[in-house]
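Below you'll find the structure, written out as structure tokens, and then a few comments.
Chain nomenclature is as follows: A, B and C, assigned in order of appearance, with residue numbering initiated at 1 for each chain independently.
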Amino acid sequence: MTDKTVLTQARPNPARTVLQKPWLWAYLAATLTFAATSMIAGSDAGSLFYAALTFASFSAIVGIGQMLVITLGPGNIDLSIPATMTLAATLALKFMDTQTALILPGLLVAIGVGIGCGLVNFILILLLRIPPIIATLSASFLYQSLAIWSNRGLRIKPPESLAEFATGGALGIPNVALAGIILATGAWVLLERSIAGRWISAIGQNLRAARLSGVPVNAVRFGIYVNSAVCAALTGFLLASFSGGANLNMGTEYMLMSIAVVVIGGSSIGGGNSNVPGIWGAALFMFLIVSMLNSYGLGAGIRLILTGLVIVGVVTLASRKGYDA
Amino acid sequence: MTSDRLRLLLPMMSLAVLLGAVFYLQPRAMSYFGLNLLFNLAIPVALATIAQMMIIMVNDIDLSVGTFVSFCACVTATFVHDTPLLGYAILATAILAYAALGALIQLRGLPAIVVTLGMSFVWGGLAVLILPSPGGASPEWLKTLMGLKTPLIPIAVIAPLVIALVVHLLIKRSWVGVILQGVGGNERAMERAGWSVVRLRAAAYGLAGLFGVLAGMCLVGLTTAADANIALRYTLLSIAGVILGGGEFVGGRISPFGAVIGALTLTLAASFLSFLRLSPDWQIGAQGAILILVLAVRLLFLRKEAAA
Amino acid sequence: MDDTEIGPGADPAPVVTLEQVHMSFGPVHALQAASLMISPGVCIGLVGHNGAGKSTLANVINGRLAQTQGQVQYRGEDPVQRNSQNAHNAGVRSVFQELSLCPNLTVLENLRIPYRTMPRRSWRRVARQKMQDALDLVFPGHSIRPRATVGDLTIAERQMVEIAIAFADRDREPSLVILDEPTSSLDAAIAQQLLDHIKRFCSAGGAVLFISHMMGEIFEVSTRIVVMKDGKIVEDQAAQAFTRSSIVDAMGHVAPEADTADNGLSRREFGPEIVRAANGLNARAGEIVGLAGLAGHGQAEALARLFFDHAPKWKPAREPEVVFVAGDRARDGVMPLWSILRNLSLTTLPEFSPRVMVDRGREANLVQSWKEKIGIRTENLLNPILSLSGGNQQKVLFARALASTAPVVVMDDPMRGVDVGTKKDVYQMIRDEAAHGRCFLWYSTETDEILECDRVFVFRAGQIAAELTGDEITEESILHASFEMQEAAE
């Protein structure tokens, strides 16, 4: 035993000392793609930036929820995000029924759906002791069915003023981006300054040691899974309002996106170490790379392939040998 | 041995119960033709489940099985049909790519979930490139093979059992299979005994690739055409099948017969739900619910086993 | 084994020779100038306290660790390849305490894993036969079926399988078998079978390196005894040259200090009983309660259960009832990504922070004061915890728990890898804290630590075998209670 501890301790971690700020790379990549895209397309850089901020904010919000889940350590991933988004958006839009007066209650409905989904996820994880991936995946099929049932293939429109808010902006910054930035700031404060943030990180590094240090493990994990579902619900609400209605496939691409922004943003996929600013950098990058490939005239196939390769590449580069062991 | 048999009992019981329920609802299903229809897609699902089992055997999870099978189906419906040599070369390369992924995951200590999730986009993208819209055609020999009229029991029932037997001999009986299972059981012990875990993990992933390719080919043989999203459900189905069949997520505890029976049960569950005249809205949800139910029952089962 | 008739003296070439071998992990010298020659036909008993370097020596011999200096020479092989390959070729095999079986495979399949060149045709029959033979040879009358799944076996049976695999007939005959505490989970009769087999094996020309804390076993099987202390081989002579007490002396005795500690402690008054567990474990306020016995006899589990029964899983506690000091730092204690500061303050965060946010001013003060109090050697508390030596990491874990106001402190063998100076400081700190009314539950594998306690529960096979107080707490009585079954069998 002693030998082993001594060995790990003798091995320094050069990656951390060189890359003091791992999120810098996400912003660097985003900047480069931004430059490349605006040069090739010749389009207006300002409008590209505005669009990037808008679309990135959806990825960023789900990404924040997913990041906190991933911080809990290996095996913790929320795969129910797309279904939760769709369900929350569908139910909230149906509830509001295009009436402006019901916007706030509608938002509460979306958040309530998020809390419910998070609750179900965590109950499955805790009571059935199913690995979180499988628990969230199988629960997501229930949510999906609920969404199909309540949606009935119709495109439910958001209230007029909500759509205006979601597509509008202030001071050259889209409203949805403002929401995303506020949430990111909140997540940063939570992780870096609060007691709960310490607990989250401790659980991610070593669940057993965290328990033995008096961390209320179940309460923290519960909060994180509910938070992830609420973030997804909120994104679904905003995205549906932004794009003129809820539809059944609206969440699909956010399954990979939520994980991608976490990984590219410099958070450790092994848990314990998360990186809030990186989420935004990665979200911008993920949007810009798609629009860059679009402006090159490349099709959906190539885009998918490159997105996948970027993820695998980033995970490979960010890895340190032996961390999984 | 006894605990292994106990593990097989649950999937066999759930299959029997479902089959009984289906026959009760639709007595006409109790025929050669009826069985063939009930288990229509059992062969590709069983093969995909075996592919997933190879990955779970070495303590990983493959989230790209669905898109990989779709990709293989697209290749089969286009290249293998039109220019067989090139087609088979592509499929062989795909298997090698799978093996290389396994080696990469081991060498760099990567989380398999994220790598395979990323790869699912690569396979999906390739499938879209090959077949932007549904189409293609099945090679004749595959169509003939899948439509084979076996005596007494339809091929849709026989073939999965044959597959299970072959995999059982390969994984549970041969020394190669034993060594591969050892990786899931105690990776450090394998390293200490001088085995290259990189090679072993690559082999397990390569086998998964092989069975994924077979699943895609059989799927095309049955449906006679392909599209890029043809097998997306297989990711969940395959994981569920392995677990339903008594497999564990960690520890290298897997059972080929269990996995195939799990796959058959899930195929049957879909047929059962349509017999129930359940609205299609609820079909996906019902599958999720069945999965949750099975995991819950299994928990009780294993608890009892631990208590005994 | 009959076909291995070499006979003592027929083959004088030693199986393995170590010359001035050094082994260091960073600043820690686990092995210093170790020279050892193991010839066919001898059984070497290797003794020493925990951390004396026994396991490191064994790992150098079996090639798992590459020595940092010196020569390791195996029989008949040119040292061209890696040591592990040389050791394998020379027929060196080892059985360690951590099980190296695959629980998902059957017993006979587990033989296939180290036996890499097993004939491939009908290998199952071969493996089954060889496994059956090996088990019959070492443990006659056993009831283990080669086709049983290892996961279904008891711990003792798994240990037996592992030992049998080490002695099994494979591509090469075993020339040297290293056994590290092989009898720890075997009952007396089975342990005796193993000892008998070792004697048979050595008289047939095999060599055994036998690591054990049990003196009776060491004297029974060893032809030579090697004593280690602080990474050095301090004695290496024929077994007849030793007595129990001369071995204990060579290992380093700690009696004088214990005497003074005992006298000081036993006169104190204790408060009300504040801990009582179902298994009979109890403690009073201000008391230092020791959990003794052989390693792995349920002490750590008892402590963990006690902690988990009283620790919150849902509600954070501003005034925790119990805190935990981990001994297995990597598994139970250290947060490897964090700084010293964050590691130290983890348990007490809700105690010193008034609300949901971390009060960073108070955190810095608290950590700074504990750095001085417990003497953590670092220039900057924001350095990563892993930059500290093992002993200093352990101090951080002590401070993490002691900084809390919890009335009960649970310690799971917390002195592993801690140097003597630190130990003395920590003993003093524990005594002071106890004098202020804190209660300590202290599991230790080291007798000198147990002698610090007011009351001692000796564990055997998961049960409390004896409760000792005051003057009853002596090395002899603890050993007696831990070994009762084994001793009775002799």
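Please note the rule applied: a contact is a pair of C-beta atoms (placed from the backbone, for glycine too) under 8 Å apart; a residue touches a chain by one contact, two chains touch by 3 or more.
Remember, predicted model here, so these are calculated numbers, not experimental data.
Judged by contacting C-beta pairs, the busier of the interfaces A-B and B-C is A-B. Taking the CA centroid of chain B as reference, the farthest chain centroid is that of C. Centre-to-centre separation of chain B and chain C, using mean CA positions: 44 Å.
Mean C-alpha positions place chain A and chain B at a centre distance of 30 Å. The touching residues of chain C, when paired with chain A in their complex, are 25-26, 28, 30, 51, 55-56, 59, 65, 304, 307-308, 311-317, 320, 323-324, 326, 328-338, 342, 346-347, 349-350, 353, 356-358, 360, 384, 386, 388-390, 393, 400, 404, 416-417. Of all residues in chain C, those touching chain B in their complex are 64, 84-85, 88, 100-106, 109, 112-114, 116, 118, 120, 123-124, 147-149, 151-152.
Every residue of chain A that touches chain C in the complex is listed here, in rising order: 1-10, 13, 193-199, 201-202, 205-206, 208-219, 268, 272-273. By the touch criterion given at the top, residues 74, 77, 124, 128-131, 133-134, 137-142, 144-146, 148-149, 152, 255-256, 259-260, 263, 269-270, 299-312, 315-316, 319-325 of chain A touch chain B in their complex.
Put simply, chain B touches chain C in their complex at residues 1-4, 173, 175, 178-179, 181-182, 184-186, 188-190, 192-195, 251-253.
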